[in-house]
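Chain nomenclature is as follows: A, B, C, D and E, assigned in order of appearance, with residue numbering initiated at 1 for each chain independently.
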Amino acid sequence: MIYRIFLLLAGIGVTALYVWAPGAKGFPQEESAKILFFHVPPAMLCTLFYLWGAVMAIRYLMSKDLRFDVRSVAAIEVGTLLCVLATVTGMVFAKVQWGAFWEWDPRQTSIFIQLLIYAAYFALRYSFPTPVRSAAYSSAYAIFAALTAPFLIFILPRLNLWPSSHAGANQAVVGGGLDPTYRTIFYTTLVVILLCFAWAYKVRVREGEEGLLKEVSDGLATGGSDSPDPGVVRPVRLRDRD
Amino acid sequence: MNSSWAREVAAILGKELRVELRGRVGLYSTLVFAVGAVTALGIASIRGEPSPSLAAGLLWVALLFACVVGLARTFLSEEEQGTADLLRLLANPGPVFWGKAVFNMLLLIAVALFVVPLFVLFVKVEVVAPFLLISGVLCGCAGLAAVVSMCGALASRAQGRGLLMGVISLPLLLPVLAAGITALRGAFGDPSAESWSAVASLGGMAVAFSSLGPYLYAAVWKQ
Amino acid sequence: MNSSWAREVAAILGKELRVELRGRVGLYSTLVFAVGAVTALGIASIRGEPSPSLAAGLLWVALLFACVVGLARTFLSEEEQGTADLLRLLANPGPVFWGKAVFNMLLLIAVALFVVPLFVLFVKVEVVAPFLLISGVLCGCAGLAAVVSMCGALASRAQGRGLLMGVISLPLLLPVLAAGITALRGAFGDPSAESWSAVASLGGMAVAFSSLGPYLYAAVWKQ
Amino acid sequence: MMLSVTGLGKRFGPRWVFRGIEFCLPAGEALVVTGANGAGKSTLLRILAGLEVASAGEVVHHAHLGYVSPELSLYSQLTGIEHLEFARNLRGLPANSDETLLESVGLSDAQNVRVSAYSTGMKARLRLALAIQCEPGILLLDEPGASLDEEGRSLVERVLDEQRSRGVVVLATNDPAERRFGDCELKLGA
Amino acid sequence: MMLSVTGLGKRFGPRWVFRGIEFCLPAGEALVVTGANGAGKSTLLRILAGLEVASAGEVVHHAHLGYVSPELSLYSQLTGIEHLEFARNLRGLPANSDETLLESVGLSDAQNVRVSAYSTGMKARLRLALAIQCEPGILLLDEPGASLDEEGRSLVERVLDEQRSRGVVVLATNDPAERRFGDCELKLGA
């Protein structure tokens, strides 16, 4: 409850800041560049959630405890939500600032590849007949997918594959081009968005664990839907040992 | 990486080669696709020679699709023929993964040996840095084969594995594709490309993917 | 083409759809697959916008790719899983060929439905003749699916399958690809292309191959 | 105690195929598993072989395993001798015995024939050869006699006798005649 | 005369598996084919079923065929009832009898389970159902009893009795107990 009130207040606060904040300097269109608050934090956070998903996948594979698998899917679902958010706000941003929705800018490309990689994750996940196998295979995939993240984030943009329009923008934000108030607002939004999505993650995990309990009580806790526990079954001796 | 490990990898590799030599389905389906694609691109680029970077892109697209078409078989057909159980009884996951990944690399390199000269001939690009071309193609093929092997291993026990194989491997191959293109841009005469660092990162990807592969395969081996 | 024939084709087609696209993920997988393929093309052609004719070539390479992925499933996996005997006991070769060819066509058209708009968006070609584009893609898909099905059908029965498939499929594939490229060149704004006659010849090839297919398949059916 | 099983259970979805199975097999003993079609005999053997994961309970042993089942496919493009060579390399056994092994299961004429040209019974013999190649402490036989001729069935009997001197046997069968091979019987689905 | 065979021979490469086989089966008769593993029983039945081409001689009949063999694979992704539906549509039979047919082979519980989850015996039953679905004049049974339980073997016996009133049976077997089903016996490779 307290958590939700906090979220509500924080939301109001951020909206207020967003309305009152001055336009961002260093961008072609300063006023509309305020979408920055909803573009950069999701873009940064989605990788965080994906990595968390991979960590949980590793723990699942080591422990074979389905609760970790639930956490892994939850993190990847939330990460995908953030990734979609970053891509969509980015597209709007790009239309306003650069004049076209899609340019194959390195950042655009890499986030889109990431989105596709995790879209494929869901196709894989729902292609197995049993939950245990599905958990094992999709965990392995999640780890493999996370391994591509460093290449996508750090190496690809540095290969000078394409001329990047993001470079100037990056300079404006990370290189300290923003004035101090702006930076405060920016980091506040970052934290608020993180908390929002952490909450979504928590909800998703709780729901998933309830599902697990139901699945287990189908068989284990209630003794199977179609048979009472027969007790111990032992072989009968056919002949004495000689 | 002791001697028993090497012996097991060799046994798997030998089996794959034998089976392939008797049916040659993998080699020919990869080759037919790659040659078909390159010829189509050759026909398409008769008017107006493509720029170095476009040429690099075309070559990689052909190789990328070809390996998705041909290389998944090593893992998928084991499940389809039902021999996966026999393998699980006899072998360990690490050597199986490596044996098959190495086989895939060899197959892809054989295809590339055929297709790259054909491409250079058909699409009329100029190779200014042959050594760069060769090392770029080799490292790229290794990267592609590593990713496709991993995806084949993951998709092999799923339903609708054929399409799923394409679904999960295409996105994961895209980083390899992007680096591969940069590597070949330099080879085809675009001075602005940082080709050698692209070759290095291709090599890095190949090493990273193929060293993680056995562990992941081991984790799903007996599920 | 009487009613029993249609019923048999429908039975084969239904089985194919069930086996391959069973469950919730079938359509979703097709979508992700298509987006993946187009992204590969987009990345390949980032620098240097491709000419109309190259764009046409790229699009056909992607469609050929989708087709070959489906082909392996429909004909080869019947042999690998050993269910070919059951099919031979129950069915006639004509309907089997048609059912599978139609499945390949449907799969290809489903992929094309996603691929073509995405391609236009991502690769930034200009469509000057939308109707030409649509009819070219449709006829081309039909032709491609017919050729690829025929090759798969022949190859599946051959001993040492691969070689035969390689030898027969290339000469059959290339004309279809060439005509397909010419058709789309016009759609993408190359005035010199005789696109409508290419569309016509694509349609002709589709009809020819898919009416020849059942006879060839019948000839190898019980060897 | 070569093979001990406690509280073993397996379910697919909500349905238990079997549960609460317990036994200890000392060396030299043979256990026969019987039950109607679909009772779970093969599933039990697959769990013992490590091909399937149990839903409850556990299996303890410290021995090499040999496993035979009519559902186990072979590589159709490889010959009999190539199968043994492949398995030998994977298992790290010394190189020599492939021919004698094939001869002992009656396949010496077919050693260079590809498995795709083997008859049902010849495949069953090759599976048997693969299973006993590593001189396993635990031999798991799923319907070993199905589709073998008289001579083949006596071969199975010989293999069983040999195995008793080496370790234990678990034999699942639908053939009433094969019950006599067991020292004790586990009836599933009763 | 339901099924007549004259001078039938089959060779793979230079080696004749069998040759000069002649018989005429009048309606109501059952022929048992016996012989050691690899003698050519299954090959003979495959030729009769039209799955293999004879190297010499010919087969004459004018009837629907039903064929059962442990080597016949099913579609692992389809359920039992989907198999029958698929076969029914291909054979052009009227729509109604799938459930009763499955029940008669004892698979009614598993009718909506995919074949990949069937046990060996359940698959054998489904194959039997597929073979008798079209009420064939000629029923070719290759080791029908292998991996069936007692109840399954009596099912085979019932099917055989029914078939005699409809046409002929050719039964290949390695199980001495199944010889009794035949009115005449063809011993291969002797």
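By definition in this document, a contact is a pair of C-beta atoms (placed from the backbone, for glycine too) under 8 Å apart; a residue touches a chain by one contact, two chains touch by 3 or more.
Just so it is clear, the model here is predicted, and its values are computed rather than measured.
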Exercise for review: Work out which chains are contact partners of both chain A and chain E.
Suggested key: C, D
Practice item. Count how many hops through touching chains it takes, at the least, to reach chain C starting from chain A. Key: 1
Exercise for review: Give me the fewest steps it takes to get from chain B to chain E if each step has to go to a chain it touches.
Suggested key: 2
Review point. Taking each chain's centre as the mean position of its Cα atoms, how many Å separate chain C from chain D?
Key: 45
Practice item. Starting from the mean Cα coordinates of chain C and chain E, work out the distance between those two points in Å. Key: 38
Review point. Taking each chain's centre as its mean C-alpha position, how far apart are chain B and chain C in Å?
Key: 23
Revision key, fill the gap. Contacts with two or more other chains occur in chain A at residues 109, 113, 116, 119-120, 123, 127, 132, 161
Point to revise | Touching two or more other chains - residues of chain B | key: 22-23, 81, 159-160, 164, 167, 170-171, 174, 178, 181, 223
Exercise for review: Please list all residues of chain D that touch 2 or more other chains.
Suggested key: 12, 53, 71
Practice item. Provide the residue numbers of chain B that touch chain D in the complex, in ascending order. Key: 4, 7-8, 10-12, 14-15, 18-19, 22-23, 81-83, 85-86, 88-91, 95, 222-223
Review point. In the complex formed with chain C, which residues of chain A make contact?
Key: 102, 104, 109, 112-113, 116, 119-120, 122-123, 126-127, 161-162
Point to revise | Sites on chain E touched by chain D in the complex | key: 12, 35-38, 41-43, 70-71, 106, 110, 117-122, 124-125, 143, 146-152, 174, 176
Check your understanding: In the complex of these two chains, what residues of chain D are touching chain A?
Key -> 7, 11-16, 18-23, 28-29, 31-32, 53, 55-56, 179, 182-188
Practice item. Would you mind writing out the residues of chain A in touch with chain D in their complex? Key: 130, 132, 218-220, 224-227, 229-239, 241
